[in-house]
Amino acid sequence: MIYLDHAATTPVAKEVLKAMEPYFSQMYGNASSLHSPGQEARKAMEEARESVAKLINADPDEIVFTSGGTESDNLAINGAGFHVFARFRKEGKKPHIITSRIEHPAILETCRHLEGIGFEVTYLKVDKEGMVDPKELEKAIKKTTILASIMHANNEIGTIEPIGEIAKVCRKHLVLFHTDAVQTFGKLPIDVKKLGIDLLSASGHKLYGPKGVGCLYVRRGVKLAPQAHGGGHEKGIRSGTENIAGIVGFGKACELAMGDMKKESSRLENLRKRLVREVLKMPNSRLNGHPTKRLPGNANFTFDFIEGESLLLRLDSRGIAASTGSACSTKKLAPSHVLTAIGLKVEETHGSLRLTLGRQTKGKDIDFTIKAIREEVEALRKMSPLKR
Amino acid sequence: MANGLYSERVMKHFRKPHNLGKMKDPDGVGKIGNRRCGDVMWIYIRVKANRIADIRFQTLGCAAAIASSSILTDMAKGKSLEGAIKITSKGLAGELGGLPPVKLHCSVLAADALAEAIYDYYKRRKKPVPKGLQKRHDTLKERGESH
Amino acid sequence: MIYLDHAATTPVAKEVLKAMEPYFSQMYGNASSLHSPGQEARKAMEEARESVAKLINADPDEIVFTSGGTESDNLAINGAGFHVFARFRKEGKKPHIITSRIEHPAILETCRHLEGIGFEVTYLKVDKEGMVDPKELEKAIKKTTILASIMHANNEIGTIEPIGEIAKVCRKHLVLFHTDAVQTFGKLPIDVKKLGIDLLSASGHKLYGPKGVGCLYVRRGVKLAPQAHGGGHEKGIRSGTENIAGIVGFGKACELAMGDMKKESSRLENLRKRLVREVLKMPNSRLNGHPTKRLPGNANFTFDFIEGESLLLRLDSRGIAASTGSACSTKKLAPSHVLTAIGLKVEETHGSLRLTLGRQTKGKDIDFTIKAIREEVEALRKMSPLKR
Amino acid sequence: MANGLYSERVMKHFRKPHNLGKMKDPDGVGKIGNRRCGDVMWIYIRVKANRIADIRFQTLGCAAAIASSSILTDMAKGKSLEGAIKITSKGLAGELGGLPPVKLHCSVLAADALAEAIYDYYKRRKKPVPKGLQKRHDTLKERGESH
């Protein structure tokens, strides 16, 4: 199988699995236990916390482990929101949150839920290439604005947002800035201190770590209302027995990413460029997202006269795993909110295909894929009554 | 092989659709669906002695749409026009070993497309259109699904 | 190491680890992806769901996977609470929840949080052995009562609550019944249909499955407000990319538990009885919790004139891992809320030790432990100024 | 071996406390703490030529309490009474390689227990009690920590 869906999830790296393995059946202590097995587990967890922190130049005590990117996003938005909600309500005001129209559902749905219970949310437009304009964001800020959440890079079209500039705007107006870095964590360099980020979400399974673990970076001094109540784990912000093996794996994945980020991202970028160049030679095909400011491994195409799902399934039959958009929305019939936000007509959104490259992607896989896409798009277009 | 979302039968028809392609000088054509909503299906029929002697389709759509079109042509071929009109979306989905709930509308489109092709045949031949069929056509026109 | 802290966490069973392993680096698809690797993952997840459901006679679609017991408890309480909250508030009423004083912090802290935002909560007393009285619960029910949450067995003192009777009372008054079965899932037989349970929490790492996965049983027809917003996973109640390896492991752990529950629980009960009998031969020592209606592997002692933490650390030096109470509260100095609730004086709560037996516990481990406890309690009493 | 919660030094003193046990006919005894709050410490001293010639302790408490008592006896032994009174909780915690924040009060108890023992010695000998020590004793009595 040629796996070209690394934005959906990645295989656990060999080294990561090896690092995790002792923590299932041998060093299985509960990190809250005072005895040696417990303290051994705690030590492993704190070492992992250091590896995770290091990747983004954070301090270890600024890392809160969670069950994944979705929980991190929910915790950031709800945690910041509910920290001020009671006070605002007493003063008869609605806390205001700014985000963009192309965020992951973990952000968008959380914001919509908050709107339902008394928050105000501004969903910023993006341009044709998926860019948020920091000036627009600044214009949207009002006295009641408590938080802005703009993703680092979009999971569907790969566009990288100007989060440094956005963070500056937020700091200037004393607005908290959260970024969903699930797609960039370990793939692009991130320095939370230099960038001035207050909250940042990441997920283990997107960077060759295990599923079911992630983290939220919480800058020291930023206060969040806890979202999981219980034994007071993770400084009381996120209770629940810690997933030690998962956390250790996440830590190891961060270490590996530190090591190969630069080389790997330029390798992926080259492969992606070749893929895009060759595929766009086909008539009636376009690239979605920004031509250059995009995730190194992300290519997102629109092909006229065909349905993305059919193309995906035909590629699957040929041993190529691709996506029509984000993995989470395959069950829904609604057109992608991201493609719609960058101005694609509804009929165009149906013909999209996302290919996301990763560590095991080789040049010959790309060649094979180019050929397969050409043939399958051709075959599907032949079936179509609209193509003449 | 079955796919997690689709039955084995759906995948078979999707991978190797039966009666695929345009028909030259058909006796009737049914055009259903629109690109905004997703799927577009065209069904071509050739009628001999009140029977569907030949049938072909062109579909732009998902696997369920392509498979529904394909199984429809199999089921309709050889049937009398009266019999063919009675092919229901449920019947199609059943023959396909079921469809996921969000994809059931594909089988509806396919059944409608055949009905439209037969309607078109009656119209071209200036034959009286059965009452039920006329009504069905009017509804589809109204909803903007027939073209 | 003689590990006698199975209530805090358990080692992952060999068979469980083996079942999980392929889902890290080989079958690593995202269960939401339409391609074969994705559908393969989904299939594995649905098979695990069946195993989990079977263990408690539920239907697979009644199982919602979570990140663990704490999340399941939070989801049950918050999910049921917020489902009705807006309606109640409109009518100027406070939704009422009934629980007990000896619940796990995941329940208690969630309830306290809800009290802070407009719910009413009754915390039922328990008797000297830790039993909730179903009649007291019935008396506490009012028109506004929406939910009762009583744990199946207590994690500190092991007392098994009469949840069948309690469920009946709840059903009679149309009150939802949730039970935290984290300590009994896979250890005692549970039939949610026969018992009439609406919601039930479980956690993988307490039954030889991995940490970071758990489930909430949600009886068909019971509506919960989603607590994690996002891609709409787990029927929209709990979004987030599913932890496939963890879920597969949890499923396998349930299968194994189905197989050996009966035999294992009577084996553990016998070992525990021997332990209790021998330890209680020491003067000034008592057993906490119910003498017979208790978790097979749970023994909880109070020793006068010593501090539990010191005993725990001295046992640890001798290779025995024990606990002073629940693992989650070791960092706090407050006396155990459970021991206080069953009427222990504060000074008595300090001298408690919990030993929880499990699959790898052998008879000779118990003998060694009995001897070690005797010696170490003696040694610590010799240090004490209060013992004469 | 260090424990995750405690330093190596704490664990060493906890496992093998120095100067443990009752003292026969001591010149002064300090009794601090109460069982409700957790720890109880008794410090016994023998005074010769205004110096602490011997010191022993009995403690009911956690590892930090036992280690604090033990290190206290090491540090106090041989010191003049004036010097011994100056041993602070910070000094004890420092000698132990640090204590976790929730356990710092154990080192406070130990320092107080020694002060109380010295107070007791002055009282028994009917010697004038230094002003600071009297104040400290009064505060401890007030708070119910001295017995």
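Going by the order they are written in, the chains are A, B, C and D; count residues from 1 in each one.
As a convention for this text, a residue touches a chain if its C-beta (ideal position, glycine included) is under 8 Å from a C-beta of that chain, and two chains touch if they have at least 3 such contacts.
Quick caveat: nothing in here was measured; it's all calculated off a predicted structure.
S.K.: Report the inter-centroid distance (CA atoms only) between chain B and chain D in whole Å.
M.R.: So the centroids are 92 Å from each other.
S.K.: Could you grab the centroid distance between chain A and chain C? Build each centroid from C-alpha atoms only and quote it in angstrom.
M.R.: So the centre of chain A lies 33 Å away from the centre of chain C.
S.K.: Can you compute the centre-to-centre distance for chain A and chain B, using the mean CA position of each chain? Integer Å is fine.
M.R.: So the centroids are 41 Å from each other.
S.K.: When the C-alpha atoms of chain A and chain D are each averaged to a single point, how far apart are the two points in Å?
M.R.: The computed centroid separation for chain A versus chain D comes out at 56 Å.
S.K.: Touching two or more other chains, which residues of chain B qualify?
M.R.: 3, in rising order.
S.K.: Which positions in chain A touch two or more other chains at once?
M.R.: Residues 34, 36, 38, 309, 313, 316, 331-332 of chain A each touch two or more of the other chains.
S.K.: Please categorise the chain-chain contact pattern as a line, ring, star, complete graph or other.
M.R.: Basically it's none of the tidy shapes, so other.
S.K.: Can you identify all of the chain pairs that touch?
M.R.: A-B, A-C, A-D, B-C, C-D
S.K.: What does chain C use to touch chain B in their complex?
M.R.: Per the touch definition, chain C meets chain B at residues 34, 36, 38-40, 42-43.
S.K.: So in the complex, the part of chain A that touches chain B is made up of which residues?
M.R.: Residues 305-307, 309-310, 313-314, 316-317, 331-333, 346-347, 350, 380, 382-387 of chain A touch chain B in their complex.
S.K.: Residue numbers of chain A touching chain C in their complex, please.
M.R.: Those residues of chain A that touch chain C are 1, 3, 5, 8-14, 16-17, 20-21, 24-26, 28-30, 32-38, 67-71, 73-74, 86, 104-106, 109-110, 112-113, 117, 203, 205, 210-213, 226, 228-233, 239-246, 309, 312-313, 315-316, 321-324, 326-332.
S.K.: Can you list the residues on chain B that touch chain C in the complex?
M.R.: Of all residues in chain B, those touching chain C are 3-5.
S.K.: For chain B, which residues count as touching chain A in their complex?
M.R.: 3, 11, 14-15, 17, 20-22, 31, 35-36, 38-42, 58-63, 65-66, 102
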